[in-house]
Amino acid sequence: MQIAKVVGTVVSTYKEDNLSGTKFLMLQLIDIEGQLSMDYEVAADTVGAGVEEWVLVSRGSGARLVRDSEKRPIDAAVIAIIDTVSLDNYLLYSKKSEGR
Amino acid sequence: MQIAKVVGTVVSTYKEDNLSGTKFLMLQLIDIEGQLSMDYEVAADTVGAGVEEWVLVSRGSGARLVRDSEKRPIDAAVIAIIDTVSLDNYLLYSKKSEGR
Amino acid sequence: MQIAKVVGTVVSTYKEDNLSGTKFLMLQLIDIEGQLSMDYEVAADTVGAGVEEWVLVSRGSGARLVRDSEKRPIDAAVIAIIDTVSLDNYLLYSKKSEGR
Amino acid sequence: MQIAKVVGTVVSTYKEDNLSGTKFLMLQLIDIEGQLSMDYEVAADTVGAGVEEWVLVSRGSGARLVRDSEKRPIDAAVIAIIDTVSLDNYLLYSKKSEGR
Amino acid sequence: MQIAKVVGTVVSTYKEDNLSGTKFLMLQLIDIEGQLSMDYEVAADTVGAGVEEWVLVSRGSGARLVRDSEKRPIDAAVIAIIDTVSLDNYLLYSKKSEGR
């Protein structure tokens, strides 16, 4: 999985039938140093992630193992909202330490 | 999924039998800043996307979950025509605001 | 799918049993401007593509939906011989216009 | 598979139901010269890998063939703890020779 | 598939149960000009490839269609030992012409 930050949403009216009700989030991928990269992924979200949160995104067929997604033609999904990312002895990210 | 702009079509006479009737669109991928990148994808389209429209493209096995595509040997499909892409407080793209 | 040009062949005697009879083509990928890129793919061919022709290559599990390939351990296949690639108002490629 | 070094952990409270009990490791990929690259993967671990160890990471649907992972929406898993990586006549890595 | 040269081996004692008996080869990918690239793949081998040989590596779910690999959590396998790679009118590689 890759780590990503929720930065927006994508809305669509005309889409595949079995996508109705799917919420699409715009995710910007986070690099190994905790910085925003230039890569993004539009992912289905059933976890309820909000803007600014860091999440785990799963890509490929695994994305369709999230709730009610078996028949959705998606290739990326948010599977978890991240609490902490710990590297060696320091904390790369903590949800609580983010400004609220 | 990635965001892409429909920029053309690909036509083929000699192809796998179970591809007959499949419409192939030439998609140019859009980067995180809303600009055209140098990457493209030739994708099957069952949604009816038109040139200049922004779409969501799904790649891998998910592409075969679109209508009538279960047995098609494809690895990319248009799954939605995008209305809006919203980042934080501004609109990266709106279908209506595009020149018509 | 990606667009590629057939540039050669790969021959193998010692291979997985269920690959016997599989023809492997060396494909050089074409970029968005219609130029040869430095990327290639060795793909199974059941369509009968010839050297110099432009083809569509499907990668991943989709490659095994071509004829007689269900049990082949391949990850890339030629699925169509391209007639034309049209971008906006000009023709990026036409099979007929190629020197013959 | 790629070779990676365990460099940390990722913790999540809100996640897909069928991820409960899954341990997520932060892996930094190793390049062909045995150096840490800038690429990472967050992978499920059922093998019991520890920080500093080199592991094999499998990505895509293969990641769900590890123990109890069939229904987990993951796309990467640790499948082995590496003892040695031998290139030609020299040892790129040996678990024993690492400082302990 | 990609073309790769066998450059070493990876050994592991602690691994997923259904990997017991799997032989892992270190493969260095070959580029379109026949040169070693900086990319590698650790692949399962059931074909019996030896060091210095050029092979075809299949990645993703296709890698599990090789002999006895259906349940192995792998994402790459050697599927063929290459005899020749022919580009247009010249031979990029011939197994026999390699020094022996």
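The chains carry the letters A, B, C, D and E, assigned in the order they are written, with residues numbered from 1 in each.
The rule we apply is simple: a residue touches a chain if its C-beta (ideal position, glycine included) is under 8 Å from a C-beta of that chain, and two chains touch if they have at least 3 such contacts.
Quick caveat, the model's predicted, so the values are computed rather than measured.
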Cα superposition of chain A on its sequence copy chain E - rotation in ° rounded to nearest 5: 145
Inter-chain centre distance, chain B versus chain E - centres from mean C-alpha coordinates, in Å: 34
Distance between the centres, which are taken as Cα means, of chain E and chain C, whole angstrom: 21
Multi-partner residues of chain C (each touching 2 or more other chains): 60-61, 63-64
Ring walk, chain A to chain D and onward: A, D, E, C, B
Complex contact set, residues of chain A against chain D: 1-3, 31-32, 46-48, 56, 58-67, 77, 79-88, 92
Of all residues in chain C, those that touch chain E in their complex: 7-19, 24, 26, 28, 38-43, 51, 60-61, 63-64, 71-76
